[in-house]
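Pasting a structure here, questions to come.
Chain nomenclature is as follows: A, B and C, assigned in order of appearance, with residue numbering initiated at 1 for each chain independently.
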Amino acid sequence: MDFGPYLFLAFLEGTVTAAVLALTAVGLSLVFGVMRIVNVAHGEFFMLGAVFAWWCTSLISGYPALGFLAALIVAPLLVGAIAMVSERLILKRLNYNPEGTIVATIALLYIIQQLALIGYGPDARPVEAPITFRIVFPWFGYAGYKLVVVAAAAALLLATWFVLTRTRLGLLMRATQYDRETALAFAIPVDRVYAIVFAVGAMLAAVAAVLIVPIQQAHYLMGNDPLLLSFIVVIIGGLGSIKGTVVAAIVIGMSDGIISVFMTPTLAKIIATLLVAMVLVWRPQGLFGQTAR
Amino acid sequence: MSVRATAARRNLHRIIVSHGGVIALLFAAQFVIGAYYHLSLTRVMVLATFAVGYNILFGYTGLLSLGHALFFGAGLYGAGIAATQFGVGASGAFVVGIAAGLLLAFALGLIILRTAGVAFMIVTMMFAQAGYLLVLYFGTYTRGDEGFVLKGALREAHLFGFSLNLADPVTRYNLALFLLAACVVGCIALVRSPVGRVLVAIRENEERSRMLGYNTFRYKLFALTLSGTICATAGAAYALLFAYVGATFASIEYSILPLLWVLLGGIGTVLGPVVGTLLMFYLVDVASSYTSAYMLVVGIVLLILIVWAPGGLLGTLRERKIGWLP
Amino acid sequence: MSLLATRGLTRFFGGLRAVGDVDFDLPAGQIRAIIGPNGAGKTTFVSLVCGRIAPSEGRILFEDRDITSLPPYRRVAMGIAYTFQITSIFGNLTVYENVALAVQNALQRDHDAFFRIDAREMDRRCEEALDRVGLPDRADTKAATLPYGHQRLLEVAMGLALSPKLLILDEPTQGLSDHEIEGFCTLIRAIAEQATILLIEHNMDVVMELAERITVFNNGTILSEGSPAEIRADVQVQKAYLGG
């Protein structure tokens, strides 16, 4: 294949990566922004979404599209419920102490991951795509489903943005994010807002996983990479800024495909982790973020 | 003699008796236990040294690192690679491992101590992850996940004309015990020294310590360097005593484990990390004979500790009963 | 000669000018009070002097040496001690340990001791500091369990134990009972025999009783300066306080 078509393919793949990454990272960013906590278990909510999706589609076998649609609704709801329960039982008890919650979510990471290993097993299992048509370009054919993923992710991101900016719930979230004490003084149910935000953050990761699982297969360790990438995106995009997160997700998702042309994934990861560390040391507000209030 | 001096003397006696007692108990244990526990206890003592080192930074200085696998790994690979690639011999490799950790901790400290709290946790985690990936990336030398073993002449350490057979269980056990004892004694000395007092002050209230005239950055750098050096010493000892060097020991799991050991045994106590490592090691040991998902135990214990018992075993004991425990 | 002087000292927080273009002189041996309405920049000003925050512009001179860019620990070593407005003691440590941390710093300054320290000298100085503020029998109490007034006194003891040339006290009598305030005034006068005192204070009775001179801050600048009698008669000051 020539370089042109190759680049086009990398572009397409990059768009898919970016779309899914944006969804996952926005979930993490939302939780950090509103609750000021770092959720290390975020990748496990992603993994759970994929595992539940496999479970749904295998229950409704024979109708891939139907099973997938069911997964698209059931998996995020289940994950959201799990997240909400852990928020009530654990994070609330820790009073959202930033350092304590990191350790607690690390514990949660191990618990969810190992329970998945017990319940689901160590194998990677595929999920059939709901649609199978291929788009034929002059140089190569491309799975139409991947473009559906991009469209769905974009729609979900728009919906999130709409909720945040145009609804009462969004207003409550933003008020809580801006100043918790004042929000409490204005009788905003901060407690409930936190529970909802944590659940919604996990659901965004779960839905991203449902979308990607027909391409990637479900596996109990699949949460590690999305966690790392979301971290990178959220930190570079400016902690807690949704807009910055989406922009960073697109930049990093797109470059992921292109970078892999030039270096091994391991080297790319090394550079990315070091970059994140350096950003946190020298520009804690993120590369594109504004200075803190 | 003043009341205070008398009390201080009495406390020192208690500390010597209790901590010396634990070390004597560990020494005596080798004559009682069977071969399996003999080996695993040797392992526990090296890992407990790792935990004691971690505790200096976390427990006494209040800096929660999520990346100490980096220092353990530096000692492990520093010693392992020096021994296999550069033929420096076991004793030389040990020194190289320690030096690697010391230099790494000092250099990294200059950078990462600009951050605090959550940022410090993430930054340490990221650097450790980068270190782990570097081990994988340079697979030609490190043999990645698979790791490499130390063989032949490397199982023999020459020191001051003495020759120690590192493959011999009894030698191994007592070397590990000596290392742990030295670190425990060093830790007691540190905690009771003026430096230790300032480290605790930084943990309790850094801003106040700064305004009391302390260059807190320098103290934190000292704590990090010392902590990293001890962890690297444990890593180097691990490589040389058990003759195996693998990437697992540099992975995130080995950053979380010392945190868990310290939390379990008692944060900011000298013996806490030892007790925590011992209990957790055998808990995981038992769990892994039932299921491959033995890390579940790690998650559950960690969660229970952070939510319900942040003081850990000895920390809670000190709070309730024995206030003199260092 | 001024012990402490500032020239054009300015500090912005975002767009807000908390302290603006302050020229301030404090001769050695004086008890000086800084008064002013809330948000006048008093705490920001002393925070600049002790190095808790860095100035945006201007210079700070201590014993004629420019200390503008020195970190706090160097300033403490030169003899500037600061006690916090919001009580900031080591709550989990004993009263003795709290003072010992200050004494240790003073001792390390005298003899360069990083790892060893003269225990007897340490005990002596700690006891002395606690004696002076009237807390000698509380040495082994956990600091957080002290009543509030005693915590304020512990703050002062820690400042004292640094053996400073300049002791900055930020609202030391806030929350003290009348009886405690009386004892506090006696204490300050005793301290003033060895150290210069810069005092931020809201309680005008305390100010009038203690201060030899008073500096009035308003909107981040010095509104007026003079003896207690002069300040009492100053129309501008009354306006600032009464919301003119």
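Assorted remarks:
Simple rule for what comes next: contacts are C-beta pairs under 8 Å (C-beta built on N, C-alpha and C of every residue); 3 or more make two chains touch, one makes a residue touch a chain.
Because the structure is a prediction, the values reported are computed rather than measured.
Among the other chains, the CA centroid farthest from that of chain C is the one of A. Here the chain at the heart of the structure, going by C-alpha means, is B. If you average the Cα atoms of chain B and of chain C, the two centres end up 42 Å apart. Put simply, the C-alpha centre of chain A and that of chain B have 35 angstrom between them.
Averaged C-alpha coordinates give centres for chain A and chain C that are 51 Å from one another.
Across the complex, chain A is touched by residues 64, 66, 111-112, 114-115, 117-119, 121-123, 126-127, 129-130, 133-134, 136-137, 256, 259, 263, 291-296, 298-300, 302-303, 306-307, 310 of chain B.
Those residues of chain B whose C-beta lies close enough to touch chain C in the complex are 2, 4-5, 8, 193-195, 197-198, 200-201, 204-205, 207-216. Touching chain B in their complex are the following residues of chain C: 50, 52, 71-73, 76-77, 82, 84, 88-93, 96-97, 100-102, 104-106, 108-109, 113-117, 119, 123, 139, 158, 162.
The touching residues of chain A, when paired with chain B in their complex, are 38, 90, 93-94, 98-100, 102-104, 106-111, 113-115, 117-118, 122, 228, 231, 235, 264, 266-267, 269-270, 273-274, 276-277, 280-282, 284.
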